[in-house]
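In this document, chain identifiers A, B, C and D correspond to the written order of the chains, with residue numbering beginning at 1 in each.
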């Protein structure tokens, strides 16, 4: 096996930052070294002087090839993981889907079939449970025990599609409490929201902005609180996905202060985009920004507070909820009916850059950037210390990040299979220089030199982030 | 019309207490007088010296003859209102029921048929909506406009019986926001509770105490918060019935501090009885105490806090949720299966006495006793100032209350049609001396001298208690 | 003694509103009557049809002739109480002052000397304790027992003048806990504020607006919380005067929810005037608006929240903190040095009108207007039911208020001895029609027909507003 | 320079735990290595198989030789640092003292004189400011710039000794805001407490337990909140020392949720000892447990909550507040007068063991043990990454901790200069095996092989723990 030495860079972890050399042997990191202190020979040396050396990004919320709203998310596991690699993300955890009426194992098998041999970086799966019953509850135990799937996502939204009622949710949480898994929740009151949606459409309010208007903050806050209370009854860990409303995060904070294993995730779109300017863009343009939970009003200081919650660890994780649909033909399914617009924004490629801009802007510390984008996601979902950190023994998923670069985001330059960018023309400071996945350089400068099939399926342990 | 002078008593209202004479002409109070200051002749004089003169009690939560669990609440409108009168309550607001699939107006007509000509005191109706759809929503407007019914009760509990889902609740709340009505809510997460009930029964845990154990505090708190948030979206006033868990009331307090029209009611059973000693009594004895929300644990200081919430006006109303089922044949339906025990406790006769004991114990002021048991219920449900106060122009519903009497509660002495008492053997200080309903003495000393049929149906206005 | 009948008006009390006649015999109300129901002859009849009949206003925070900052408040007890009467206020409670080093009784005697024979309406005294020591603590007991003074004001502001340290405050609170008195608190951290003031002056920031800038919200919130905690240790009731910052009121609300006897008062200036437009007016104009606590920034929604707190009873009382200083010669003492501007705004004449505008604007209900301006102040400070309500037996302090009048406020028309008005040119809807003090008409239409010396000293009981 | 390899142990850091080898060259760690992956030769090898390898403990709150109450803390820098080393603590930050009236630099010089050449481990100083004035404020800047002292402690307790008033506190905080230092606060309302103390003594309540009774929870909570608000006005970071009352920590949590740089520290005595059993021990025995803030009542679940706050990072640091006074002659100064008992408990030797027991008991995770006892203290006070972590480049302060050992605490076996132990007879699981300070083994098995004078003064940077 060949060895690589990354020398002279500032190694940034969740704990701190200092100049160290990183020695890689084959697929793993084998040593951290004070520069010049221990004589080391390596087959290759990468000079990282003046740059940050960070654990590769871990994006725990992606939806490659997801069938939704009569179409499929536009990134395959191949295009999506290559785009992720370009952006400094070296692990994704995607959502396998059990559709209502389907066997859980069948849903999982279908997901393996999509991903197997196609990924450029390592990947794991959460399992969406679209039909809670005795069989799927048993399947949860089996997935935890045998498949390395230790987290299950339920939906309080989308009645008739992924929706579980509170009794089903409680049962799944009880199962998780027993087998150690974590419940992930899409927390919006879909039953109430569907009434608001139907009423808006009946009034002829069909533009994309109505997607946001019919999903009020109070319905995210309510569902978040409900999930917390159900988890309290069941005794299960709970992770709320894609939080956008500060009031909802305050409920997470309240539970956490009381000592509950409740966690929250936000996404770049909630930190940068808003209801008025983006979802409310003229014409059908707003369709590009349709996702759920929706973008929130710029007049209610959600973004300022979300950044704060990231600092105070009331939010622990930044993922993308990457779920791209092209504007042409896909988003356009909802012309004249906002509720038919496929939900999702694609940004698996841009998370590390967009969040580094938060460092530049003084919103996050360097360590907190790494912690929210890499370390905590890995710990939360049982991948640590294999992923999410730079310690001897860990997989050599390493990103060399250049704080002096600048990155301009747009459809011309991005690598996602997506015909628009939600951040078109945005320039941020910093840029991904070099990316290693399990010891192999897969991206260097302006060149992708990895390959589909390099990425391996990750059997995950139980969460390592519980109180 | 004949005149009556109640002289020399201490008139207690929600605002204060002072010695005044009360002059009644026919059915109404026509004057409050400083004793000896204005020469008045009256056909009859009642000497109230040394006693309290208070507005008759207003019990806004009774269920006479309610069909529930395959049987009927054991008090008819006749027996129930006579018992109420004995206990100093001169107005009840009972719940007419629209069963699922039934027309609202038909349910109301059925209730009128039960009550008409049978009541010893005045009565009004709320309407339980067991099936929210376009028709019943329209019926709400009609009841508000034409029937004097301005409050509608929904259930988050009892799936398959009275249960409404969140979309139905939202629609009813929107209707109420438009027509000015108040939504009353049974706030327990019935969908989750039914899972816990089924699991307990499957484990062979069938004793009455399991009724309480399977309805955890968190599920009352959750549903309370959910109702508050749905009401926030709809813009409707919300009144949470029979609150027993301090955590749930804290959610009401939180909403009220924020300026919302959210209100809470508790009942004597939650102030005096508990899960361990009563619901957990040996054998099947606990069945006597099965009601929903359930009695709570004595180890969690709910009672201490409920009294405090009454003092601080975080709870505004004390009602009984009077829903009596005899132990023999009725409660016994649930031998071997707690979930088949009819839910309810009968105490329409004892509310004023049990709460006066709170005054004796220093938990409530005299004025607050009157306010929570009479004035606020009347204002909350559009009966004020006709009921709930003693001012010229008001109905002469007057109770002369003797603070020096003592009252012992028990099945031998009570007047409810109920073969047991939840307060058997309890002695409280104070007692109802004389009761007038619309100017007529209907109870004097140990004698009931009213009659079924004296009571009239009350068309109620919109709530007079909104911010 | 002569009798007066006020007929046909809508009697508004803290509890409700209905059309009633009010019969007065001599100095007292002797009957409330349903119109036309009881034959009554009276020496005089006042037709109040179409108008509100309310208990006279009770202003529990005035400073007539107060020596402060080297000058005296410009209203004497004569001019001040006549102005109060013009504005519908029939009772004031003024602050007698024990200066540091002075005997308490001497300070009280001096206040009686100023007021005796000079007041147009009834008046009581609180006592400011400027020097807590063994003697003044004993004097507290004596004032409660013999002088009808049951409330004592302390200052956390103004070191070197009225300031008490936390040990002194605790001792006074312990004394109050024992003798039943209420502690009133000026809650601002004066020690810290004086540092900010000195620093601002040293930087040459001498304009009036700096008065507000150097008294930050956090220092009102802090002192409020400190007073609450000291009162918790001592077990004494606590009343925070002139609250202007919403954060401070939130601390009061928090304590009240926990069941503490903690109360809060605000004043019209905090509901209508702000830091930028008024205190920050060009030139020296802002001096007109210098008072402590200061006016707050219009950008922090204090006013919106103060109105809400009045609705939710987190604030209980509206007083004026009437402390007028003329612009010429008095306010001008602070030209070039904001800290030398005498603190105070005069509005004893306008409170009832300014708050009725809150009713017009939908901020307060009619009953809540009466409750905050009359009933609760009377109950809070031991004057109820003699003052603050309209019941037989009460003093006949009655205001007939015309909701259809309009009132324009300004120096040309007001009756206070003050050469400017903080509300110059403001027109509000509603106006005081007729005012009776203890049965005597003292103001009718545009005529004052009372007299200095009519007002009597009120010996007050202990607070009737405690939980 | 010689090299040492610590092999085969489980390296535990604040971030995680995994088996690694640690290579030391001279005084520094130079490499972390995956075992067996890189050929390394070392002069010495320590086999840590089956044991934890952790960064040496950092105790940021000690008082060696502190003059207090007419006597001196009984540990010298020599005895105290040797005891610390025995217990796995390799860095202390002690409090140099500026007494009132003394020059700051003189106080610092005196402290250097005590410590220089006498310490067995590395040490830094905070500075207690006992007299805030223009000179001492300037001295703060100088200490930050030139002396490596970046934290300053103020007292809201002890009027007449260390006490600063709120104006002085504000000025010091402003200075800190400007120069980047952190303000440390003893948060108890000493002015009020002194009243309670004098009253207790006057009532003849002189036993040690009265020390706790006269320092009520509310006075810790109050002072904590006051400090937070003063820091908000000044814009300075704030660190509250030795917190014992859950209500006070809740104020810290509230400020932290709002994004403030407010931090809290607790100590082992508050996690294990209580008012009734220890401070209230019979006779004068309780004197052993006199410290401030005092031990709290076991009936108010402070300890349960303090552990929770450590888990949720509402408390960040565990220190000892090591301030030992012998029972004989020192504690005995307070026979007959609890207020004359020197305040302090000695436990510098036991912190790591007592907190590891928290790991054993399931209160803390392994990583959180290291984080609260070593990493965060180092980051908080500008010693990271030199101290508090195990990374290449860091000082080789390493503890090998044996989780299978047991440690019994008592005066016969401890190494502090103290004639009693507050934990006499307590046995905890786990024990310190080997201790290295800057690469030198100073404790091995039952042998101390370090020396006074090995320890060096640490010039500290500004805090690395700010948001």
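Annotations for the structure displayed:
The working rule: a contact is a pair of C-beta atoms (placed from the backbone, for glycine too) under 8 Å apart; a residue touches a chain by one contact, two chains touch by 3 or more.
Quantities reported herein were computed from a predicted structural model and do not represent experimental measurements.
Listed here as common contacts of chain A and chain B: no chain.
Ranking every chain by how far its Cα centroid lies from the centroid of chain C, the top place goes to A. One inter-chain figure worth recording: chain A and chain C are separated by 58 Å, centre to centre, where each centre is the mean of the chain's CA atoms. Each chain gets one centre point, the mean of its Cα atoms, and the points for chain A and chain D are 39 Å apart.
Within chain A, contacts with two or more other chains are made by no residue at all.
Contact between chains, using the touch rule, shows up for A-B, A-D, B-C, C-D. Those residues of chain B whose C-beta lies close enough to touch chain C in the complex are 13-16, 18-21, 23, 25, 28-34, 37-38, 40, 253, 256-257, 259, 308, 311-314, 365, 375, 379, 384-385, 389, 391-393, 464, 467.
Partner chain C is touched in their complex by these residues of chain D: 165-167, 169-171, 189, 191-192, 194-196, 216, 218-219, 221-222, 225-226, 229-230, 232-233.
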